[in-house]
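Following this line, the structures themselves.
In the two assemblies presented below, chain A is common to both, partnered first by chain B and then by chain C.
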Partner chain A sequence: MSRKLSRRTFMAGTAAAGAAATTFNFPAPAIAQGAPFKIGLLTVKTGPLAQGGIQMEQGLSVFLKEKNNTLGGRKIELIVADTGGNPAGAKTKAQEVIERDKVNVILGPLAAFELLAITDYVRDNKTPLLSIAAAEDVTQRKANPFVIRPSATSAQCCHVMGDYASKDLKYKRAATISEDFAFGYEQMSGFQRVFEDNGGKVVKKLWPPLVTPDYTPYIAQIKDVDCVFNGFAGSNPVKFMRAYADLGLKAKIPLLSGWTAMDDALLRSVGDEAIGVLSAAWYSADGPTASNKRFVAAMAKEFNVLPGGYSAGMYVAGQCVEAAIQKLGGKSDDRVALAEALHAVSLADTPRGPVKFDKLGNVIGDVFIRKVEKKDGKLVNTIVKRYPSVSQFWTYQEAAFLAQPVYGRDAPPAKNLEQ
Partner chain B sequence: MTLWLTLAVNSIALGGLLFLLSAGFSLIFGLMRIPNLMHGSFFMLGAYFGVTLLDNRIGMNFWAAALVSALAMAVIGGLVERFLLRRLNGQELPQVLLTLGLSFIIADVCLMIWTGDPWQPPTPDHLRGVLQVAGVYFPYFRLVIVLVAVVIAVALWLMVDWTRLGAMIRAGVDDAPIARVVGIKVSQLFTLVFALGAALAAFGGVIGAPYLSVYPGLDAEMLPLALIVVILGGTGSLLGALVGSFLIGFLYNFGQAMFPDLAYVILFLPMLLVLVLRPQGLFGRVMT
Partner chain C sequence: MSWMNAPRWATGVAIALLITLPFWVGNPYYINVASQILLFAVFALALNVLVGYGGLVSLGHAGLFAMAGYAGALMLDAGHGHLAADLTAIAVTVLASAVFGVLALRSTGIGFLMITLALGQIVWGIAYRWQSLTNGDNGVNVTTRPAPFGISLASADNFYFATLLVFLVALITMALFVRSPFGASLRGTRDQARRMNALGYNVWLIRLVAFLFSGFWTGVAGLLFIYYNQFISPQVAALQTSAEALLMVISGGTATLLGPIAGAAIVVIMKNVVSAYVERWNLVLGVIFVAIITFMPEGLVPGSVRLWKLAWRAMRGRPAKAAEPSA
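Now for the complex of A and B:
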């Protein structure tokens, strides 16, 4: 008897939850002229990647609030879908927002493997997508007219760091360390290529697995180099930096990093061991533009956080959508025209500085070299150098760049490795 | 040479932490036959409690925070056993599903409360710094972890081998029905051991937080390590958990340094070999 009762209560509970979810999914019709312009945000709200996903949603919500939920005179309806941070989830949610919600544009997803799972699908369904995922080939050898990237490719900032380390810092010998997956390979190879083309040598490349409780065994192998370049992402940089400092290397070998490893939003999670770390990033909370000042203030007010690349990326994506709607006027429901208009967007004032796109859909924008400093008891990234209008091809010729295989673990091959 | 020394010390430190994690898992599995898939969640939740208590707003002493967190986890563990697992006595599949489901729930609740940002408490002031011997750096804190693990291992051993309570636990592990017949309240023992296991995991979580940090997914990283240790060492055997922990600590550190491409193979291969050749584990006894 008691079992029966408990099952019934359970059923009632699920029914109630289902009802709640239903009301949540169907917002009251917007009272505006014409149908709303629908934005589908593919983000990650559960699981290990949720940190970046939550920041994406915060950045976009700050943007829409600033614009009073109206872009280019059109009311916006935002549909947020949680992919769970995996390719299958991304595919399901992409189908949901395209086929059921009939969104005009998709923002997201977060991770490269999620993006790769849906690029063909959005092309077949002619729905423009502005992603923050970094997989190089999405805007290179496998470019797709419906995918636009306002953030950066994996190597876009790392090329810059390779240049800065060799020319400005005059480092000759470097070790690289990053997760053993595509984002790591692409970052490290980008750094290595420019660093070695400028006369430097990458003498050691270390690849810890994505899940590594303790980095000590890897760090202990680093010796006899001028700098260590790391490309960690998520929560890994926090662990890595503590171990790096614990082993006494911080005082001896300077640490350089890609954007995810020293993202502004991560600074409140790291300790003083991060002071002095240099990073190359396409966004910096320290950036001087007017829209960035507004953005940083709004993020502090709404969520009490210092925004990083994930939030800023969605704010910039929102600005791109706005510019495209303004340009198209009454025709913004035409998704093919929207994709073309997005490629042609050119903005002078975004939180990351001026933004325009190459014909493959990847951003051409500023990249900053920043240094972690402590100001008023808080860690902040301070810009030490700005590289204007950096393309995904760095200074290489596009055709020659694309003729090479995509960056990989051993592509281009490292010729100067030492035991 | 310095590389090997650093790795050796680090292996021992990781082993210490793994022991705190897996001792409880081993006892729970040995006594209750419950494959507790939420053990990683105990570790993570305990670590989250710890970093909250250590946060500037509360600013508790490091060791006090570890103890309070362990106590809180003991209460939670006890409640889970008493009100949920108790009903599934002897049914392994429902137990697996229940603990797995709870671990997902705990992970999502943690995400809601502590957000997705990684938390890393600073190393306690009095334990900061490194001991430098012959050009090799040994962070004090890791040496302390080893010390704490050894103290707890000895305490557990004394309890299990030399107290009345320990004798009852051993009786329960060996043959629960007979233990009941001679008047041992096995069900109370179950609750106690489960709470103790949860507390040990939470304690390990707090102690490990300054260098592992706490973040969503930590639970899923720690659970397989606990499984490997216990399968290697043998379930229900504290000595097995201790030896297994240090074995894995060494395999992990040296394996990753010498054969970085085979990191997981080196970790899991010994487990496979033990499963095939000696299913009861290195120090386990054949269950009847």
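Now for the complex of A and C:
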């Protein structure tokens, strides 16, 4: 949103606050009156997921700093809680921020299994939550009115890659490889579905365990395909890509990836073996919007990093909260109204491009196809194609989509496997 | 036992404090923390039967804990009532304990530790990989808490009271178990297994029964856990859960009744409360454990008692001056 708009609503907010404090007969000072608006951030600061969790906190802190810690005229109080990256920890920390700190809204958590552990709880306690976790069913078969997702479902970008690989790249035969857990299944199934509906064939699906010391035995099974689609997350993509290049496959079979496997924040951890990798992502540091330019510059200045999806996701979540507060004016403490206002948010300028939500609370937004290139000695993800306003259902009918079982290891079944 | 030797009024005060806790704590968050301490105390007490009194260190109890949780959660998910789900969960867990026991009791010491570790990892593997049954790492939700005798346990207060009741029953059962002739024979198998054998005791059977008893209360704790969290995923069965429970027992003091409770309190408070203020709470927890092992190798509760007696004796030893002990 433009500066002007936010200032105008800011004035409206202070005017409302001034009116509420009727005993004071002069305009309220520039600082908002009354109790602060509390945001609880559920993130991960310890354990194997800490890298993404720290990026989330950085993204949100850059946003709040840019807004001078005031959203829609209300002072923000941020409470950061470390879930430790496990479901029981997420539950306890959700209780902490809701019951003890009485937050207005929760941002986070990071991992799908953390989110799944607390969705019922936030619904029962009527506290809106904006998560970055990708578990499909949270905004599909188990959607609830208090959970909003401004990032993407697991398959949202992978549908796009399935389309791009089959239509633009004209690939016919693909192999997929991803970690052996729900996020991997959901990503690979999304790719497979669109790729095969467009006439392609997924002939090999490989599932190395979450912790795999050496990918060689898996990569060795890949042959006779036009492309390999991978959905690794965390630090696994770094290990995988190195092995893929070392075994000489990089020159022969192009590598495609989901957003976590080639996130911008990963670029400083990979070498030239990443050049040429194509990825589908809902955020790109290369994105053209004005807010993205501000965001990337601020992240470079504050933390000396190139931001990826985890940071951008929290920045966008912050923008959604701001828009909802502005819309509600003096009623932003009403959590039910806040949840409704969050669903109705429609933003033209966020780091990821335009953002709006479907009625299940999942974002409808742009997805980018990017290619890793080397510019001035640095690796960057350059946008090669933009798919505007991609829904979590891709081009499928919502009812028909939801009538199918959620994406899994064998759902939908792969009919073209060979060997 | 330290708990038995403690003055009766101290026990009374402690129980009165626990019963009235929701009234003076007020904030549901802290009541929930107290519920978690009590449910992990039940888990640690159960593990202590083997570790403390049987001298059998198990690293697979998270498997039993999670098995009860999964059995209960899946029964509820399939539409069965709470009573049926709970009874099934306990039955499944005791049965699994029997299997675990028969397999693991082929050896003691490191061998026992490794076999239980392997068995626990098998449960974790099943929870993680048997997608169609357990929903993999997306876990199983438990939509409702039970309402025994028409009292819903949905609120923090009611759940706390229910957990407290279970905890007190567990504690009394443990006390009776430890003081019974069977408890004495279990300690006998720990200290002098060959002599017990020579005296005509069936050492293997005594250990197996202890394993079943431990498994039963682990199952109860597992059920409390899913009712508290209303969610279970494979992480519950992971080695870390077993190791944490073992740390609770060892840091609090093995072969005591109060030790595991103190250990559970330390771990839960560090994980949930201190972590809100200290980013490197893992480090603090580690330092506390190192301090306990260094200064009170027998554990926090017996160690404190020893240090207290030392101080008491030192004061009494001094002439005249120690007329007013600070007790």
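Note that the second predicted complex is superposed on the first by the 387 of 419 C-alpha atoms of A that agree within 3 Å, B and C clash if a C-alpha of one lies under 4 Å from a C-alpha of the other, contacts with A are read in each partner's own complex, and residues count from 1 in each chain.
Here is the rule we use: contacts are C-beta pairs under 8 Å (C-beta built on N, C-alpha and C of every residue); 3 or more make two chains touch, one makes a residue touch a chain.
Not measured: the values here are computed from a predicted model.
Asker: Label the relationship between chain B and chain C on chain A in the superposed model as either fit or clash.
Answerer: Because the two structures are overlaid on the shared chain, the partners are seen to fit without clashing.
Asker: With the two structures laid over each other on chain A, which partner does A:V270 touch: chain B (first), chain C (second), both, or neither?
Answerer: So A:V270 only meets chain B here.
Asker: Classify the contacts of A:T46 with the two partner chains as first (chain B alone), second (chain C alone), both, or neither.
Answerer: both
Asker: Of the partners chain B and chain C, which touch A:I54 in the superposed model: first, second, both, neither?
Answerer: first
Asker: Please indicate which partner A:H343 is in contact with in the superposed arrangement: first for chain B, second for chain C, both, or neither.
Answerer: neither
Asker: Per the contact definition in the header, classify A:K172: touching chain B only (first), chain C only (second), both, or neither.
Answerer: In the superposition, A:K172 touches no partner, neither chain B nor chain C.
Asker: Which partner reaches more residues of chain A, chain B or chain C?
Answerer: Touched residues of chain A are more numerous for B.
Asker: In the overlaid three-chain picture, which partner chain does A:R386 touch, first (chain B) or second (chain C), both, or neither?
Answerer: neither
Asker: Which of the two partners, first being chain B and second being chain C, lies in contact with A:P87: first, second, both, or neither?
Answerer: A:P87 contacts chain C only, not chain B.
Asker: Is A:A243 touching anything from chain B or chain C once the two structures are fitted on A? First, second, both or neither.
Answerer: A:A243: touches chain B, not chain C.
Asker: For A:Q221, is the partner it touches chain B (first), chain C (second), both, or none of the two (neither)?
Answerer: A:Q221 contacts chain B only, not chain C.
Asker: Once the two complexes are aligned on their shared chain, state how close chain B comes to chain C by Cα atoms, in whole Å.
Answerer: Distance of closest C-alpha approach: 5 Å.
Asker: Taking the two structures together, which residues of chain A meet both chain B and chain C?
Answerer: The overlap between the chain B and chain C interfaces on chain A comprises residues 45-46.
Asker: Tell me, which parts of chain B touch chain A in their complex?
Answerer: 3, 6-7, 10, 14, 107-108, 111, 115-120, 122-123, 130, 132, 137, 139, 141-142, 210-213, 215-217, 220-222, 225, 252-254, 256-257, 260-261, 263-264
Asker: In their shared complex, at which residues does chain A touch chain C?
Answerer: 45-46, 81-82, 84, 86-89, 91-93, 95-96, 99-100, 112-113, 116-118, 120-121, 135, 137, 180-182, 408-409
Asker: Touching chain B in the complex: which residues of chain A?
Answerer: Listed in rising order, the residues are 45-54, 206-209, 211-214, 216-218, 220-221, 234-235, 238-239, 242-243, 246-248, 265-266, 268-271.
Asker: Touching chain A in the complex: which residues of chain C?
Answerer: Interface residues on the chain C side: 27-30, 32-33, 36, 128-129, 131, 136-139, 141, 143, 156, 225, 229-233, 235-236, 271-272, 275-276, 279-282.
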